[in-house]
Structure formats: C-alpha cells, structure tokens
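The following pair of complexes shares a single chain, chain A, combined with chain B in the former and chain C in the latter.
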Partner chain A sequence: MAVDSAKLIDIIKAIADKITENREYLTELDSAIGDADHGINMSKGFKVVVERISGMEGKDCGTILKTVGMALVSTVGGASGPLYGTAFMRAGQAVDGKNQLNFEDLILLMEAALEGIKYRGKAGRGEKTIVDALEPAVEALKLHREKGFEAALKEAVEAAKRGMEDTKNIMAKKGRASYLGERSLGHQDPGATSCYLMIETMALQLLGDKKA
Partner chain B sequence: MKKLINNPELVVEEMLEGMVRAFPQYVRKLEGYNVIVRVDAPVKGKVALVSGGGSGHEPSHAGYVGKGMLDAGVAGSVFTSPTPDQIFEAIKAVDGGAGVLLIIKNYTGDVMNFEMAADMARAEGIDVESVIVNDDVAVENSTYTVGRRGIAGTVFVHKIAGAKAQAGGTLEEVKAVAEKVIKNVRSMGMALTPCIVPAAGKPTFEIGEDEMEIGMGIHGEPGTMRTKIKKADEIVNHLMEKILADLPLEDGAEVAVMVNGLGGTPLMELFILNRRVNQILEEKGIKVYRTYVGEFMTSLEMAGASITLLKLDDELKSLLDAPADTPAFKQL
Partner chain C sequence: MVGIVLVSHSPLIAEGTLDLVRQMVGDKVSIEIAAGTSDGRLGTSAEEIEKKIRKVYSGDGVLVMVDLGSAVLSAELAIENLGEPLRSAAVIADAPFVEGTIAAAIEASFGKSLAEVKAAAEGVRSYSKLG
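This part shows the complex of A and B:
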C-alpha cells in the first residue's frame, strides 16, 4: 500500500461524496435520538473540506489531514465538529511531513484519530458513539496486520460495521441521546454510522477493484 | 412556518447586525465572526467573561454583554454550539491581560467546542478557565447521562461572576464565585408548544392542543413527563417541588427568583406563575431577596416557562446587587 498526497485527496473527496449521499439517512438516524442535524452538519463540513484541500497535491499528507480537521472544526459545529476535527488533526500530526503513506502509517494515523476522539469526547467503548465503530476497526487493523494490508483492511471494515450495528443494543451514555436513557435502545448511533461510512469508503478507495 | 425572516441561513448574522444597531453604546460585532463584544473591549486588567451557545435563546447571551456582566457573547447557529474558531476570536478580543473565564452551558457540543477554543487560547499564552452550568433538575444527574443541562440559571452566573470581575476579582476568584452560583442554583421548565428552527422549517416536536411537557429542555429536548395541561398554580407546585427537593432551603434562607418565559408566553402568565412561587416560598419561611420576571433564556417562540431559584449568602447578595448595564439586564 502506498498513498501519496493526490491519492489521499481522492480518498477524502470520496468520503465527502459518501457523506453527502447519506445526508438524509444520517439526519434521520439523528432525529430518532438526537437533534436531527448530523447529516446536514457533516455534509456542510465536508463541502468546505473539499474546497480547502483542492489543489493541495503538492503538500504533505499530514498537512492535508490537518486541513481537513480544521475545516471540520470550524464548520460542522455541535459535537461532531470537534470530534471529527480532532480526529483528523491528530491523524495529520501522526504522519506529519510524510509525502507517502504505507500500511504502518495508516495504522498510526487511525490510532491517533481514535485517541483524539476519545480525548475530546471523554468517551469509551459501549457508550453509543463514534468510538463503537472506530475502535473495533483500529483493533482489527492491528490484529490482522501480519496478513497484509488488504486482508487487514477488510477485517477493519467488517469490525466497524459490526460495531455500528451493535450500537442499536447500547443505551446512550454520551451526547443528547443520553437524556433518553432506555428510549435510545433500538436506534443505531448516527456518529458510529458516519464513522463506518468513512472507513468503508477509505477501504474501497485503497483496495481499488478488490472489493472491501 | 410563519416567521419574520429573510433567509433561514442568515438569521443569526442578520439578528446580530440589528442588535448592534440597536445598542451601539454597549456592543460591537467582531468583523467576520458571530461574536458580540463590549464596545470598550478589551478592558485592561479586568478578568473577561465569555459565554455563548446556540442562537434562539435571545437575549442570551449577547444581550448580557456590557458593564458588570459578559465581555463577549458567541452566537452559534440556531440551537447549535458555536465553533472553536469563533470562540477563540472572542477570547482574543476581550482578553485584557487578567485572564478569561468561559461560562458554558452543559451540552456535549458546547463543552467540546469551548474546551477546544480554550486549548487554542492557552497555546497562545492566554490564561483561560471555564465553568459549566448545569441547573436543570429535570435531567437526572447520573453516570448514564452527560449530566444536567444548563438553562436560565446561567444568567445568574453571568450576573454574579460579572460583578466579581468588574470589582477587580482575579481569574481564580471569579471562577470560584461562578462555581458557587452553579452549586446553589436550580431550575426547571415546562412547555405548552414547540418551536420551529428556521432551517428545519417544522416544529421540534408534536404536542396535543390540551397537553404540556414538564421538564422540557430549551432545545425541545424531551422532559420528564407529558400530561394534560393544568392550572398555573398546580404547574408551579410541581416545578417547585422538584427544585426544592434538590436544593434544600432551611427556614430563613434567602433566595433570588427568576421566572423566565420561553418566548411565546406573555408576561401576564409569568406574573401569575411568580405569584404562586412567592406563596410557596412564604409558606416555607424562605425570604425572596430579589425577583426577576421576564424573558432571559428563551427557546424561539416556544410557549412555556422555567423557574429558577438561587440560594444566596452575603457574598452572592452583594454581587447580585452590584450595578450591571447591558442591553438585556440592567441593575442600578
């Protein structure tokens, strides 16, 4: 696996498209247990992300990821902005100055993103948040790293998907959904869902036609 | 949706523009940001107070910017926390060298955005502290939730911490008194109708013509129960019972009372509520030191009200009595 700045920009643009395609779906999930704006705010943020990273092919991967983070932080608002913004900024710091990313770099930046989200949100696994999709994915990447990046990436996507789906069985302990207590059961977490969509899109981009 | 607006996307910008035109002697807007600051900011040597949150709660928070209260109010989109870059600009604009206190209402998004801004400001060498207001007794405080929400009691934090800062208190002292207010203030609200967020275009929730929601949050978050509407006195009895259960007051204690309209309830009804609040306190031997009736922390055009009690001691009384001169809160 080798990702240069141009490829990284393609991946982020694909993620932006995916989020925009799922604008209504994410908002609908949020209306059940939150304040019905997750898809709206995320697509608004990624629109600005695409504007800011266009033409950044000459910059290093760390700078591009940090630019994504800053754009999200300053446009998304709510809780998702600081969370995803911190994730991308930390990911960028983890690969600062690199013009090309290999599989080990991917693991590093994903770990940094996870740590960033846990720090900013003071959240752990099992609280019905982004962490429930992201942490299993990062763990799968590490657990299966010996099998090579393709196999590990596929495992990561599967793990993220299971984590996302499992949020239906979790009572929310963070965010506005936590006010609902037991009434949050049965609903899939919108943050875990957007996180899964990003991981899936990234994997599809990295694996090319070798389907994730 | 029937609203006096031009474009749902521009309600916050246009509101702030109109507000600055109305109160040029008090406030100005930071160019390019939805931040309202004291016209004389930064005030050299004074601890600066910054608050903010989603818009739709006017006069909170920009209405409390002025002498004796806030130095800056940061306005997010309707019911959405402002972003860290906006808050960071506010901090930089009002820092007079004595440090900045952030007054944050306890919502996940608000806390994260303000904390990020605080990190950014500290990285630039500005002394920043923060307090989190969580006065809403409708939400159970437990490990299973993010904790109680911040509602109208926040205005007492602005008033009292603002007075302490105006009197020359250090950042540590201003923060300590803000925390004392938070420890002694409790609120609970109820709603008769929902409100419409301009960008959404439809009501935040459905409620029957003859129903009310007790414990409703200021963004239309669900309350503790939905029942048939009752007489004003019965509603006050219920809200006061919940508040007093959480804020034990001994015979002879002194309180400040705030009866706050959510935007769609006339003053006539707020005074009717206040009448009963005072009767209950009188029966219990609790002395009302000051009363505030009006719109302090609204929820767009929602009909409904909240009641806030602040338990006072000598320090809080003298700071509450101190002068304040802002667009929405004046004390001579």
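This part shows the complex of A and C:
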C-alpha cells in the first residue's frame, strides 16, 4: 500500500461524495434520536473540506489531513465538527511531514484519530457514538496486520459495520440522544454510521477494484 | 475585568440572554456572542469562539458560558487552540446558561477574579426557583 498526497486527496474527495450522497439518510437517523442535522452538517463541512484541499497535491499528507480537520471544526456546527475535526487533526499530526503513507502509517493515523475522538468526546465504547464503529475498525486493522493490508482493511470495514449496527442495541449516553434514555434503543447512531461510511469509502479507494 | 463569551447553538438564545444581562450590568462588562454557524444554521464554531475569547480578553481572564453538547466540545477545542497566555486565562463554566451568565456578569462587574466569577456562575446550580 502506498498513498501519496494526490491519492490522499482523492480518498478524501470520495469520502465527501459518500457523505453528500447519504445526507438525507444521516439526517433521518439523527432526526430519530438527535437534532436532525448530522447529514446536513457533515455535507456542509465536507464541501468546504474539498474546496480547501483542492490543489494541495504538493503538500505532505499530514498537512492535508490537518487541513481537513480544521475545515470540519470551523464549518460543521454540530458535535461532529470538533469530534471529526480533532480526529483528522490528530491523524495529520501522526503522519506529519510524510509525502507517502504505507500500511503502518495508516494504522498510526487511524489510532491517532480514535484517540482524538475519545479525548474530545470523553467517550468510550458502548455509549452509542462514533467510537462504536471506529474502535472495532482500528482493533481489526491491528489484529490482522500480519495478513497484509488488503485482508486487514476488509476486516476493519466488517468490524466497523458490525459496530455501527450494534449501536441499535445501545442506550445513548452522550449528546442530544442521551436525553431520550432508553427510547434511544432500536435506533442506529448517526455518528457511528457516518464513521462507517468513511471507513468503507477509504477501503474501497485503497483496494481499488478488489471489493472491500 | 473578566470578560465573558456566550456560546450557544442559537444566536437568539445568546442575544436574549445578553439582553437580560445588560439590564443588570449595562456596558460595564465585556461580553461577546459566539452562536450559530457562519451560514446561519444552529450550531457552534470553535473558530468563532476563539475569535471572541481574544476579543473580550483584557488580562484578567475570560469565562466561557456554554449551552448544549457541541458548545462544550467547540469551546474546549477553541481554548486548546489559543496558545498562552490566553489558554490558561480562559475557562468554561459548568453552569446553567441564562442564570449562570447573569450571576457571572454581576460578579465580573464588581471587578472580581476569574475564579470568583466562575464560582458565581456555577453557584446558581444550587438555587431553588420555588424557594
């Protein structure tokens, strides 16, 4: 696996497209247990992300990821702004100065993103948040790293998907959904869903034709 | 004098709160609003909060009042991004937004320290409205 700055920009643009395609779906999930703005907020944020990273091919991967984070922080509006913003900024710091990323770099930046989200949201696994999709994915990447990046990446996507689906069985303890208490049960978390969509898109981009 | 930044998802909540506060303290206290997104949606922006903290800072510290969820996350991120000496001089109050802001502004208007202003805001949590 080798990702240069141009490829990284392509991956982020693909993520932005995916989020925009799923704007209504994410908002619908959020209207059930939150403030009905996750899809709108995320697509607004990623629109600015694409504007800011376009033409950054000459910059290193860390700088590009940090730019993504800063754009999300200043434009999203909801909690996903500081959360995903911190994740991307930490990911950028983890690969600072690198013009090319390998599989080990990917693990490093995903770990840093997870730590950033947990720190910012003061959240752990099982609280019906982004962490429920992201943490299993990072764990799967590390657990299966010996099998090579393709196999590990596929495992990570599956783990994120299971984590996302499992949020239906979790009572919300963070954010607006926590006001619903047990009435949040049965609903899939919008944050875990957007996180899964990002991981799936990244994997598809990295695997090329080999389906995730 | 301690400055205050009102961080809300809604500009209307922040402006209404500021109206109530100005009735009590007039223009004595430096108070700024960071509410809503730049394109008019409900929400908060760390960038905007950072800007407003810089604006009200006079050397005596800044108290940041927050409403819900992302207001807290954005405010924490804004403070981390400030750099010294502002980073150590800006604190978030764990307090009800409206009552806490009024208590904090009154305290600030008497020239009290940041710790005292923060304690006044957080002290309203134990007030009983029904006596």
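Keep this in mind: the second predicted complex is superposed on the first by the 212 of 212 C-alpha atoms of A that agree within 3 Å, B and C clash if a C-alpha of one lies under 4 Å from a C-alpha of the other, contacts with A are read in each partner's own complex, and residues count from 1 in each chain.
Note that contacts are C-beta pairs under 8 Å (C-beta built on N, C-alpha and C of every residue); 3 or more make two chains touch, one makes a residue touch a chain.
Keep in mind that this is a model prediction, so the values were computed, not measured.
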item	value
When chain B and chain C are modelled together on chain A, clash or fit	clash
Contact breadth on chain A, by residue count: chain C or chain B	B
Partner chain(s) touched by A:A203 [first = chain B, second = chain C, both, neither]	neither
Partner chain in contact with A:T86 - chain B first, chain C second, else both or neither	both
Chain B versus chain C as contact partner of A:N41, first or second or both or neither	both
Which superposed partner A:G78 touches (first chain B, second chain C, both, neither)	both
First, second, both or neither for A:G181, with chain B first and chain C second	first
First, second, both or neither for A:M171, with chain B first and chain C second	first
Touched partner set for A:A140, first chain B, second chain C, both or neither	neither
Shared chain A surface residues [contacts with chain B and with chain C]	35, 37, 40-41, 73-79, 81-83, 85-86, 120-121, 175-176
Residues of chain A touching chain C in the complex	35, 37, 40-41, 44, 73-83, 85-86, 120-121, 175-176
Chain C residues touching chain A - in the complex, by the definition given at the top	9, 36-39, 41-48, 68-70, 73-74, 76-77
Complex interface listing, chain B residues touching chain A	76-77, 79-86, 107-109, 112-113, 115-116, 139, 143-146, 149, 199-200, 217, 219, 221-222
Footprint of chain B on chain A - complex, ascending	35-37, 40-41, 73-79, 81-83, 85-86, 120-121, 171, 173-176, 178-181, 183
